[in-house]
Every structure is written in structure tokens, then in C-alpha cells.
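Note that chain A is present in both complexes that follow, paired respectively with chain B and with chain C.
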Partner chain A sequence: MRLSFERQKKIGGFLFTLPFVIGFFLFFLYPLIQAVIFSFNELVLTSTTFELQPRGWENYRYALQVHPEFTRTFVEVMVQLLTRLPLIIAFSFFAATLLNQEFRGRALVRALFFLPVIMSAGIVMRLETSDYSVIMLEASRAGAIFGGNALRSLLGDSGYMPTWLLDYVVQAAESLPVVIRSSGVQILIFLAGLQSIPREIYEAVSVEGATPWERFWLITFPMLSPLILTNVIYTIVDSLTAMNNQLVVLIRDTMLRGAGYGASMAMAMIYFVAIAIILLIVYRLISRRIFYYV
Partner chain B sequence: MNPATVRRLNEWTVSVLRTILLIGICYIILLPLINRLSTALMSVEDLYDQSVRWIPRNPTFRNFQLVWVHMEYVKAFTNSFLLALTTSVLQVASCTLVGYGLARFRFPGNGLIFGAAIFTLIVPPQLVIVPMYLNFRFFNFMGLLGENSINLIGTYWPFILTSLTGTGFRNGLYIFIMRQFFRGMPRELEEAAFIDGAGLFRTFFRVMLPGSVPGLIVAFLFSFVWQWNDYLYVTTFMSNRTFLPQALEAAPGRIGRMLSQTDALASSSGFLDNHFYSLINNAGMLLIILPLLILYIFMQRHFVESIERTGIVG
Partner chain C sequence: MTGKGFSAMSILRAHKVKLYRSTTGDIVIFSILAVIAAFMAMPMVYTIGNAFKPLSEIFIFPPQFLPRHPTMDNFYDLFVLMGQSWVPISRYLFNSLLIVALGTAGNVIFGSLCAYALAKHNFPGKRAINQAILLSLMFAGAVLLIPHYLIMSYLGWINTYWAIIVPAWGATLGVFLMRNFIEHMVHDTLLEAARMDGASEWQCYWHVVMPIVKPAWLTLIILSFQQLWADQGALFLYAEELKPLPYALSQIIGGGVGRAGVAAAVTVLLMAVPITVFVINQSQIVETMGTSGITGE
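The block that comes next holds the complex of A and B.
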């Protein structure tokens, strides 16, 4: 007997998503719960099994109060994220509008813009942060091109700028290469969004006599606003879980060479809760201001 | 000036500004690659010489030769390639099924499963890597086998199992991409196929899958690249086998030992220092990136075009 379309669709939904549901419980939720338990214990490995020695909140106390660098690195990582996030979002938005225009060699330029996605992962980034000549070259060349000090004296001498703003501008200019190289996926997402805005809307407002400036703020920006949320979340997750993130490196070092599994799990747990809270706040803040077209 | 000339002048200015801007950005993007290439081709004297910036004065392939031999490149490449291909094919397959299920079926729990997929993305892998290691080291189907656990560490199974179930590295992202892609496809296609007598799975394989190739390419490229560059999972689950990242990490030490034994002058003159290892590292990194670059050159057209059509927008 053949089931009706509707009925088949209900069963089909379960069938298609079943692999992930199994995997989610087996290979994700179960280890996650274990991680929570481990963070309150010390883990001792034997050849046939592993044992847990309860330590209460000791691991957390160690991470927050005893470990010489955890808290400082934590704050540094968060501050770095806060300064870079607006830059990455603004740059990728801008780059996407550029790449969406018609010009010769567009295909080549687009391919180049997404190249960093290929090159910036895992081992390459890890070695990059430790490689001697790369550090030296980056330091000398980035300084020459964007001239942090030159910029500072140029803007600072006029005396109109408050110091905090000056600091931010100089820092922004100096981190420009990093910003550009970590915007690949975000540009891709914005570009996809730009392509999906119906041409008719632009034609309609042009007929009404809107200037390009008005077109941007009345149509492009609101139509892309849901993607700003997507991109903000992607950027936060991407930069906080990257292999060369200082805190990730620190957690790894604690596990392999430092105070052991329990302490590193406690650190990872604090970090994870912080990421979750940040995402929640950002989501609340931005989603209220989003314009949904459909 | 008449209005037409003003407009032409305007357009011309815009295009010149745009060109300058794009060239500048492309320069910044390509800089590390060019740096690496020029450093990898240098001899040690060049690296010390302050007057040598871009073009090596004594270009040499010696760094590449050394690293090729001591990384055991062919072996490491084969291992990495097989692993990346297997996992990415399995991951794309499972994430496509799940993405389709989430996009086109209304059933209780749909939203919850989608939320779970996104949730897997925000958990740092470092948090769950130790419990995952232990689960695969003492694998017993969550206690079903009791004391008789199996050791899956050192085999491909951890990768196969997580890939098949769409819980591998960043698989939530591929589920998201495929879901958005299927949501953008016309509903009429499916209904027509069903009326013609095709079942759910036949409709999926014959009608929906061929239409989703661009989405598949995007997910595949991401998946392949991230597995290729992965360091965390291969060292945790398969430390007994050499993949490219581990091979590169071991290479400078081996080369140093080899040179200090065969070349007395090199070791006594302080020749084996950070500068020298940096040349080796740069050559090695290029050898790791090169296959990805070739893959990207072949797929980039599809990649860029299809990302536009995936309608990640929702």
C-alpha cells in the first residue's frame, strides 16, 4: 500500500535526519556531558581504563586564581575580538559590494578574495604564529605599509581626536591585513545576499528618483541585515575556536604539558560558557534590529 | 562641459579608484604566499642579508629537496589525501541527507534538530576532544559491550563514524548550507516526481540531488580543506600514522640531526638556527598548501558561482 504524500513526508523527515540525531547523542552530547564531569575531577589513565578522582571546584579555582596567564589571556582574547569584529563585518560588507559590481577581471579577483579561506587553517596558522622569518617579515613590512606610528603622529598632532579613538584607529590600521585575511567566508555570505536582492526593487526606486546613497540605506542595507547577524555569529565562532587563538593554544598546552586534563577541561568549560553568553547577548541585540523581507 | 562628458568622467574616476583599491587588497592577500615562496627559495645567506627582500640572490631548491625527503612527502600526502577524501565524501553525503530532511519535511522536532546542528558549531573542539578520545579508546556503544571495549584509536573508524553521522569538524555548517540550498529549490519539482510515482528516496536521488550540485561543491571544498589542514583530530585519533601536518612538524628536527651528523661545519658554525628552520618551514608549508591551491584553481569557478546560488541567505 502506498502512503499519502503528507504521511510519507512526516516519516521521511525522521529518516533523513536520523543519522545526525544518532551522531548528536553518541559523538557530541555524550562527550560533552563527560567533559562537564571531567572538569570536576582529575583524570588518571591506566592501560585498560581510566579513573576519576573527584576534586570539586578545585580545577575551576586553579584556572581562575592560580594559573598565571589564564585570566589575562582570556581578557586579551575577548578585547581582541571586540576590536576586530566590527572591522571584519564592515570590511566584508564593503568588499562584497565591490565584488558585486561589473568590471573586467571580476572572476579572478573574486577567486583571490576567497583564497585565504584555503590557506588559513590548522597547521599553517599554527606554524605561522611561531615561524621566525614570517614574524620578522610581517613586522617590518606591515609597519612600513600602514605605518602605525606615522599615522599616530599625523592624526594625533591635529589634537582633535580623543586618545581612545586615536588608539582604536591606529590599531585598526595595523590589524588591517589580518582583518582582510579573515573575511573570506563573510564576503561570500554577503555576496550571496546581494545577488538575491530582486533587481526590480532597485529599478522601482530609481524610477522614483532615489540617489545611490538612498538606494543603499533604504534597500541594500535592510535587505542584508539578517546576514549581518549570520556573519557576526560566524566571525565570533570562527575566531574564538581557531587553532591559533591564544586561549585555545593555552588550553592545549595546559592539557599536554601543564596541570593536566582536569584543569584544562575546567578552562575549556569556562571558555565555552563565555562564548555561549556572548553569542546570546549578540543575538538578542542584533535580532531586534533586523529587517525581514519575507 | 556637457552632462554626458561629466558622467563619463565620473564613471572613469569610480573605476580607477576601484581598481586601485582591489589591487591593494589583492596584494595584502597574496603577500604571505609570495613571502613564503621567496623565503623558501632563499639560501641561508640571503635570509641574513638585509639587502635581500623579495628576490633571492642565490635561489636554491635545496630547502624543497630537504623537506620533501624528510617529510616523506609522498607517504604523508597519500595518507592525508585518502583521509581527507574519505571524510569529506562521507560528511557531504550525510550532511546533504540531513539538510534535505530539515529543509523539506515538517515534522515534530525539526526545529530542535536544526538547533542542535548549530549548537555543535559553537562548542570548541578542545572541550570535547578528551572525552571523544576516551570513548574511541574504550569503545563499547555507550556501555552495551560492558567491559569488552574495542580500541578504535589508530584506525579510521573515529573519522568514519563521526562523518557518517554528520558530527565531524564543522559539520553543522555543511548541514546549514545544504538546508538553505534545498529550501531555495522549487517545491513543484518534488510534487511532480511524486505524482509520477517516485518514492521519497527516488525523488531525492533523481530530482533533488542533481539540482543541488553547486551546494555539494561548496560543502565538499570546505570539508576537504579543513580536513587536509586539520591538526587536532589526526594527532588525537591517529597519532600512529603520519599525515602532512605532523610530517612537517617533525621535518626540521630530522633535517637538523641529519645535517649535524654529516656536515660538521654546519653544526659548529651555528648554521642550524631559527633562520635555517624557517626556510625549511616555509618550503614545507608551501608543499602542504600546493595541492589545495591546485584543487581550488580547478573548482573555484564552480565554487564562486555556486555560493551565489546556494542562497545562504535563507
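The block that comes next holds the complex of A and C.
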């Protein structure tokens, strides 16, 4: 009896995942395998189809040693991510708790916070590039850099701060406009999480006399901690694979009008492995500290 | 004893009112929100302003937020230009709606089905699928364009809606999100109780899991919607009568500087849709079962 129930559950599990698994094999795994094969070849177009000319590790050597910008851009992109990641997570957490309060026009204000995501999609973004909002963004960035410099002279003169920390603080201040703009989805994820916390728990601790401060650190924070991991992963993935990420742009340029498809796939593979390693480290670090409610 | 219980109740009641309310807190929260929201809203206010400016005002420097002589000309021009298009504009709209509706529905349903199984079931291969999901998230879509095209071509789906819709069904972000929510927000005891009462797996999924994670799939709807809405189908759709609305509108505004006002009108129209969806969607979240169903053990 019990066995058949377990069996039933297993079959159910299979069936439920099946549509996704098929899609995954077809639209991800197969293209990925092809991309790996391409990275060891050179793609030559013929009149009707294409041919592969094997090149061994040549494409990889090209990416790492010959291409003038690949390694430099690679390092830049990674440093940028490390600076922004904690800021994005902190800001979206903060914004989500604010937006979860009950006030009039809440949905509208949430929409405003999500606006950058809508505006950065497709046609709207292309229209904007020649537009005032670019000036706006530049202005806010200039302001931030100005503020950053002021901050540097203020904090630097006092001499209390080690240089690396000072550098970080200044950089953080400078990237604030970008951080706010790239937190849209993360805010939504945290919001959905906040709305899923049973209200009874808050009522129970309020009866016990917990202050709002305690409520936040004893209930909200631990209950949302699994979603911090979710959001960290999302942020890493989103910023490293975005269409306008410098390295993705570089890879695409190489593909379309640079050293060719094979070389660009080699770059993509190196990048891919790097992202995988970063995610693995982050996952290991954070998943131990998560509070499990269930 | 009863006295104690009574006072606990009254504290509870007092706190229920106060739980999310305190005047100073509200003021602080509102001012912080207002500053950030203003920062966020600026580009949109400017674009909307542009849509109502006559052409002569659009290029004034320094740029003006609000039109001095508001006009509807840009929208009239846009509708005239739409009327002149070779394929009726309603056809483009139909294409967009079809792609967005089918793509989003499939993404949410297949994604959450898979996520439920991954979060709450044990079966061989589960770990592998979980890792595969993370793996596929890591890869920039742009990089896989050519293999992607080859597959669509093998399947004979080039120049069909399926080339856009079906990949959206397999989009891994949905599974990833839903799995994390279901795993952490749905109590195992609740599922056991439902199964005790004879609920089938499908009923567990539809009547227990989905209501609890409603905030999560509402979020997923927004993400999926706005991504598909922006899709111009440039790579896979060649027939003019299959192309989505953003494509048609981007053609209309491709007419150079003279169309700058029309371009602003197009931007406003294209943005209005996802924003409306977002606002309706977010006001759907009232109180889910997760916040009202179970009390602690």
C-alpha cells in the first residue's frame, strides 16, 4: 500500500516535470552542446549550408592570449558585479519592505519601481537611446561621481578608513543610480516573499511583546532568507547575461563581425565556466546560513 | 486565567491596527518612497510629455518636461500611419496578444508544475534537473542564437508562432523562481493533510500549492508578459502578417527625425500595456492562503 503510494508520487513527479524537461533538452541542452562543438571549430558558410573546420584549442588560445580586450573586459565585468551585488540585494530588500506597507496607490508606486525593467526591454530601450532619459541617466551618474569624489575627500581626509574600504564606499555611491535601476525584479521577488509570510506569526510575536525592530530581525529576515539566495543568484545571472553586459556585447561583436563564430563560442564557454564557478561559491556560502521554515 | 487570555486578545487587537501603522514611520516611509519614485518616474514623465508636444518643442534645449502647447497631433499621426500599413494594425495586435497569452500561460503552468514536483517530490533524476536549471540560467541567450535557429529550422517552426511561444514554455527562470517559493513557503504538513483526505497530486497542486504561492506566480506572469511583449520576433518570423505589434510600430517610427513625436506616442502606447498589467496584477494580491491558512503547529 505504502509502496504503491510512493510509486505513485514518483510517477507524478516525472509527469509533472516532463513538459519542462522536454523543453529543456530541445531548447537548451542541444543548443549548448552544439555551441561547445562550435567552440572547437571554425564555422564556414557555404552556398547552401555550413561546414565545420576543426581548430582544436586554437579558439580558446585566441580568446585568452590574442584578443586585445577579452581578458580586460572579463575582469572589469567581474569587479563591477562584486561591487553592485550586495548593494542591489540590500536596496531591493529595503524597497520591498517599504512597498509591502499598506498605503494608498501601492500598486502604482510598485509599478514605478518596476518601470526600469519595462523600459529596458526591446523597442522602448531602442527609442530611449537617442532620448533625454539618457541625458538624465548621464546627469545622475555625473552627480553620483561628484558625490563620490566629495565622499572620498571627506572620508579620506579623516584617515580612519583603510583604502580598500574607502574605494568600495566611493564606488558604491557612484553606482547607486544603476543599482536602483537594476533592482526591479529583485524587489518583486522579495515582495512576493513578504506576502507569503503567514500573518499569524506576526500576530503571535506581537502578543509576546516584540517591537517592530525585533519583528523584522526575528521573523521577516529569517523567513525571507531563502529568497536572498534566490535573488543573489538572479542578480548574478541577470547582470552577467544581460544583453548590454560589456562582455556579452564583446562576444556578440566577435560573433557577428570579429574573429568569427568559433572564437566567440570559445569566449562564451570561458565566461560560462566562470559564471558557474561564481554561482557555486555563492551557493555554498549562503545556503548554509538560510533559515528553513518548512 | 481568563483575565490573562482577555488581555492577550486586546493586545492582539491593538497591535492588529498598529501592526503596519505608525505616523512617524509612515511619514519617513513616504518621503523615502517619494524620492526614489520620482527618480524612477522621470524618464517616463518626459516621454509622456514628448508624446503631447508639437514637433517644434521636442528638440528645445534645455529639454522641457511638460509641453507648452499640448497637442494630440502625434497620436493622430500615429493612427494615420497605422491605417496606411500594408497589413492591418489589428493583425499585428492579434499576433502580439496571441504570443503573449499562450507564452505566458504555458510558462506559468508548465513551470509551476515542474517546480512543484521538484520542490515536494522525490524521484530519481531530481538533483540532475535542479542542477540543469541553474546551468541553463547561467547562459546568455544571445550566445545560443545560432543553434537555436538551427533547431527551429529542423522542427520546421521558422515563420510560425511556435518559434516564439514554445521556447517561452521552457524558460527556466519560471521553474527556478516557483521551485524556490514552493519549497520554502508551502508546508509539507498541509500537503500531507490534503493527501490524507484523498486529494490527487493534481488537486494538491491546483488547490493547495498554487493558492499559497499566488504572489510568486503573479510575479512570474509579469516577468513573462513583459519579456514576450517586447519580443519583435525578428529572428524567427518573416511573414509580415505574423509579426508582433512592437515590430510594426518600430517600422513606423523608423522614418527619421520628423517622426520623433510619433515615436514618443508609440513608446507611451507600448509602455502603457505592461504597466496596466502590472498594476492590475499587483492589486490582485490581497491575502493568500499562506498568510491565512495555517497556524503554527
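Note that the second predicted complex is superposed on the first by the 245 of 294 C-alpha atoms of A that agree within 3 Å, B and C clash if a C-alpha of one lies under 4 Å from a C-alpha of the other, contacts with A are read in each partner's own complex, and residues count from 1 in each chain.
In the analysis below, contacts are C-beta pairs under 8 Å (C-beta built on N, C-alpha and C of every residue); 3 or more make two chains touch, one makes a residue touch a chain.
All figures in this text were calculated on a predicted structure; none of them were measured in a lab.
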*Of the two partner chains, chain B (first) and chain C (second), which one does A:Trp217 touch, if any: first, second, both, or neither?*
neither
*asked:* If we overlay the two complexes on their shared chain A, which of chain B and chain C does A:Ile275 touch? Say first, second, both or neither.
replied: both
*After lining up the shared chain so the two structures overlap, which partner does A:Ile201 touch, if you call chain B first and chain C second: first, second, both or neither?*
second
*asked:* Quick check on the superposed pair: does A:Trp57 touch chain B, chain C, both, or neither? Answer first, second, both or neither.
replied: neither
*Of the two partner chains, chain B (first) and chain C (second), which one does A:Thr49 touch, if any: first, second, both, or neither?*
first
*Return the residues of chain A at which the contacts from chain B and from chain C coincide.*
8-10, 12-17, 19-24, 26-28, 30-32, 34-35, 38, 95, 98, 101, 103, 107, 109-119, 121-124, 126-128, 131-133, 137, 177, 180-181, 188-189, 191-193, 195-196, 226-227, 230, 237, 240-241, 243, 248, 251-252, 255, 261, 264-265, 268, 271-272, 275-276, 279
*Note which residues of chain B are touching chain A in the complex, please.*
15, 18-19, 21-22, 25-26, 28-33, 35-36, 39, 47, 94, 97-98, 100-102, 104-107, 110, 113, 116-117, 120-128, 130-132, 134-135, 138, 142, 161-162, 164-167, 175, 191, 194, 199-200, 204, 222, 225-226, 229-232, 244-245, 248-249, 274-275, 277-279, 281-282, 285, 288-289, 292-293, 296, 300-301, 303-304, 307-314
_chain B partner contacts - residues on chain A that touch it in the complex_ = 5, 8-10, 12-17, 19-24, 26-28, 30-32, 34-35, 38, 43, 49-50, 95, 98, 101, 103, 107, 109-119, 121-124, 126-128, 131-134, 137, 141, 176-177, 180-181, 188-189, 191-193, 195-196, 226-227, 230, 237, 240-241, 243, 248, 251-252, 255, 261, 264-265, 268-269, 271-272, 275-276, 279
*For chain A, which residues count as touching chain C in their complex?*
8-10, 12-17, 19-24, 26-32, 34-35, 38, 95, 98-99, 101-103, 106-119, 121-124, 126-128, 131-133, 135-137, 140, 177, 180-181, 185, 188-189, 191-193, 195-204, 206-207, 209, 212, 226-227, 229-230, 233-234, 237, 240-243, 245, 248, 251-252, 255, 261, 264-265, 268, 271-272, 275-276, 279, 292-294
_Complex contacts: residues of chain C adjacent to chain A_ = 8, 11-12, 15-16, 19-22, 25-26, 29-30, 32-33, 36-37, 39-44, 46-47, 50, 63, 110-111, 113-114, 116-118, 121-124, 126, 129, 132-144, 146-148, 150-151, 166-167, 169-170, 172-173, 175-177, 180-181, 183-188, 201, 205, 212-213, 215-216, 218-219, 222-223, 226-227, 229-232, 246, 249-250, 253, 263-264, 266-267, 270-271, 274-275, 278-280, 282-283, 285, 287-288, 290-296
